[in-house]
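Reviewing the structure listed below.
Just so it is clear, A, B, C and D label the chains in written order, and each chain counts residues from 1 on its own.
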Amino acid sequence: MSRNQLLGDPANPIAPCHPLAGHESQIDELRATGAQFYQRGWSVGTSSNYSVVLRADPLELLVTASGKDKGQLAPTDFVRVGADGRPTQADQPKSSAETLLHVVVASVLPVGAILHTHSPWATELSQLYFAQGGIEFEGYEMLKGLEGIKTHERRFRFEIFDNTQDIPVLAEQVRQRLTDATNPLEYGYLIRGHGLYTWGRDVAEARRHVEILEFLLECQARKIQLVGPPSN
Amino acid sequence: MSRNQLLGDPANPIAPCHPLAGHESQIDELRATGAQFYQRGWSVGTSSNYSVVLRADPLELLVTASGKDKGQLAPTDFVRVGADGRPTQADQPKSSAETLLHVVVASVLPVGAILHTHSPWATELSQLYFAQGGIEFEGYEMLKGLEGIKTHERRFRFEIFDNTQDIPVLAEQVRQRLTDATNPLEYGYLIRGHGLYTWGRDVAEARRHVEILEFLLECQARKIQLVGPPSN
Amino acid sequence: MSRNQLLGDPANPIAPCHPLAGHESQIDELRATGAQFYQRGWSVGTSSNYSVVLRADPLELLVTASGKDKGQLAPTDFVRVGADGRPTQADQPKSSAETLLHVVVASVLPVGAILHTHSPWATELSQLYFAQGGIEFEGYEMLKGLEGIKTHERRFRFEIFDNTQDIPVLAEQVRQRLTDATNPLEYGYLIRGHGLYTWGRDVAEARRHVEILEFLLECQARKIQLVGPPSN
Amino acid sequence: MSRNQLLGDPANPIAPCHPLAGHESQIDELRATGAQFYQRGWSVGTSSNYSVVLRADPLELLVTASGKDKGQLAPTDFVRVGADGRPTQADQPKSSAETLLHVVVASVLPVGAILHTHSPWATELSQLYFAQGGIEFEGYEMLKGLEGIKTHERRFRFEIFDNTQDIPVLAEQVRQRLTDATNPLEYGYLIRGHGLYTWGRDVAEARRHVEILEFLLECQARKIQLVGPPSN
């Protein structure tokens, strides 16, 4: 069964006058993504949040509402927000507390979807490597799944930001790294003890990036299980 | 597919005169929870038990019957019990041997559901940390999924009780810790070599708490895999 | 969805004159068991075999045919065999090479079903503990899921036989341990580098025993991951 | 539910004039295989590729198109290619970059299907054992699932090739080892940091070989977790 066939909810369709009407297919893609990531253990306990970019100018995103079970998102568990992270429509549920982390990426990069997951390995490895500021990957064929990478010999540094409840401050830190003139952040980043953010031109590409980044973290952890913790 | 769509059993509905009639929706929530937890490996081999509070005064709970496969609970695999843990209706199956551990929580806290799971990590970590009496978690964003916690900087201590077949004695120990005036037990607890108990205002919240507590245990175990056993 | 609802194959029913006709419900239970164990990773690559006892005197079993994918057993992927392990009906597929390991249990104990699984941990732990002849479990609440055990303080020794391609010899070794007057083998056993055998009065009990024995092996392996290999 | 029942796409059938028309059943087998391997974590992030041999002389294969999500392959996500790895039909999607690794096996061995997976353990163990050129397995009952092996006492050496983006060069190295007169490569091989290739007379046998080789890698990794890294 296709993961996209999981969705739609004939018993509870989005009403024609609902603020989300017309966005059913993007909503269904995010719902399928949530069901998949929940099953993988990357989005349990109402953690994680997902968004798609509805338009670039003025910026508008569709983001998961706060506190929803990502394994069974309802068609109406989403919010439309603007460049300030606030709802653009009346009578919507509260958007995720981390909405600005979605907005900042969409305001800087030409992306179509942003995904945040919260797996056990992302949680632990972001703690273990926090003092070094990142985890470096090289020699992995899987790196080629990150859009634009053509060889396993390319090096990718998965940077780690410290966790905070002050999301505007973190969003500004991310903005600075995304727009760094000489060494901009690419593909995604980790938040210490919290999980990862990544993005893509559409939901499929962003989902692929999640799978690849989680795969790399899984490999890093398993390598440590095989040969011991990193000495540096 | 929504996990709640797993359920109902058209071939075997609860008869109108059955003691469980009228509670189909709560029963279906627990059945869906069982299917999910079984799949995760947290409720295999007929382990685990789940309950919902039907009313507070006089207290009545609906609890899983003893020895049922939690991955495929039938609509009638439940029992209504009172404040003494005994059936409130005639002709019901035997309730779980640990029924009093459900009753004691519902008699002290304003909860709607109590869930017990029995995962491999809960089993092993409750052994490993038994001498210290608990496992402390701090710095995890996932802590915020425990109702009322607002920051990852909050410390949570997951206390461990010794295992026993004398359930009334254990229930009394739990009651004392739940009602401790200065430092009451919060969110849940572990039983050594046995698993965890947690609760919430409804099944969804209790299930979220299970997912978060199992996530934290998973993280603790993986941390040990990465950096070795705790030295203290 | 109930695991037992996975089954039946309307497009390919067992014909009324087929040697398996009349045993559809037992066949469906074994097919559901196979789908479940395959998903868990305990029966991949056509490994494992399962049986039910059709009658005790003269002994007749229904056993999985040789070399079938246990994740998608067809209704006709089974064979009826007698006390000598040979087919009791004409025109049947070849039975599993290990058929005599099923027959020997059914000829000695009053069981209704015998299940063999082949998980990674059963494979590795049966190697690691082979020199000691078995793995001892005590202090696990999960032990109570083994029929007749009433407390976690009961000790269970999971014995290990050496692997061999000479099945009649192994079957005889198992028979001797099952009928040992002072210390008979209970609940199941391991074969080195190969997997486990267990049984029960029916498929549900045998399946529960598989889940419990696999859980205990999983716990033993995780304990070693946490605290290192056993020193004895 | 049979894995083969996952498939077909009534809403999007292969048109009668489509280059893939007439190959629906082989396509469905590969689509089911992809859904299964994706779920196991062996084919995430659009990694992996699969093929069936349509005819031997002149050689023609049906291969997965480049960059597709293996968890939800569409009926038209396949390409027909010839002995040079190029499309044999007009207006087809781009075939996998590793198409020649499929062609070389089919041009040398009498196989019906070739499967490439990309699991975390294949990735890490092929790095860990690269200096030794391979991983040796002996004493595993599961070895008997490799077609033609009759005893667990048989030794199997899983050879490792270095990774490269120059696929023709790697294909030639594989051809030489497959046709080595004294010690030909058998059953499959690993590519460093990349994954495994295996094959069989049909999709079912190739899939079984994937399951067995992944099982052996899983066992090797778990053994290291239990007793430490190999000393040689």
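As a convention for this text, a residue touches a chain if its C-beta (ideal position, glycine included) is under 8 Å from a C-beta of that chain, and two chains touch if they have at least 3 such contacts.
These figures come from a predicted structure and were not determined experimentally.
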Touching both chain A and chain B: give me those chains, sorted by label. none
Comparing which residue numbers chain B and chain C contribute to their contact, where sharing over half means same and under half means different, the two sides are different
Give the label of the chain whose average Cα location is farthest from that of chain D. B
Whole-Å separation of chain centres (CA-atom averages), chain B against chain D: 43
Cα-centroid distance, chain A relative to chain D, in whole angstrom: 31
Hey, what residues on chain C touch two or more of the other chains? 225
Can you identify all of the chain pairs that touch? A-B, A-D, B-C, C-D
Residues of chain A touching chain D in their complex? 1-4, 139-142, 145, 150-152, 204, 208-209, 211-212, 214-215, 218-219, 222-223, 225-228
Flag every residue of chain D that touches chain A in the complex, lowest number first. 6, 9, 35, 41, 44-47, 69, 71-72, 118, 120-121, 123-125, 127-128, 163, 165, 191-195, 221, 224-225, 229
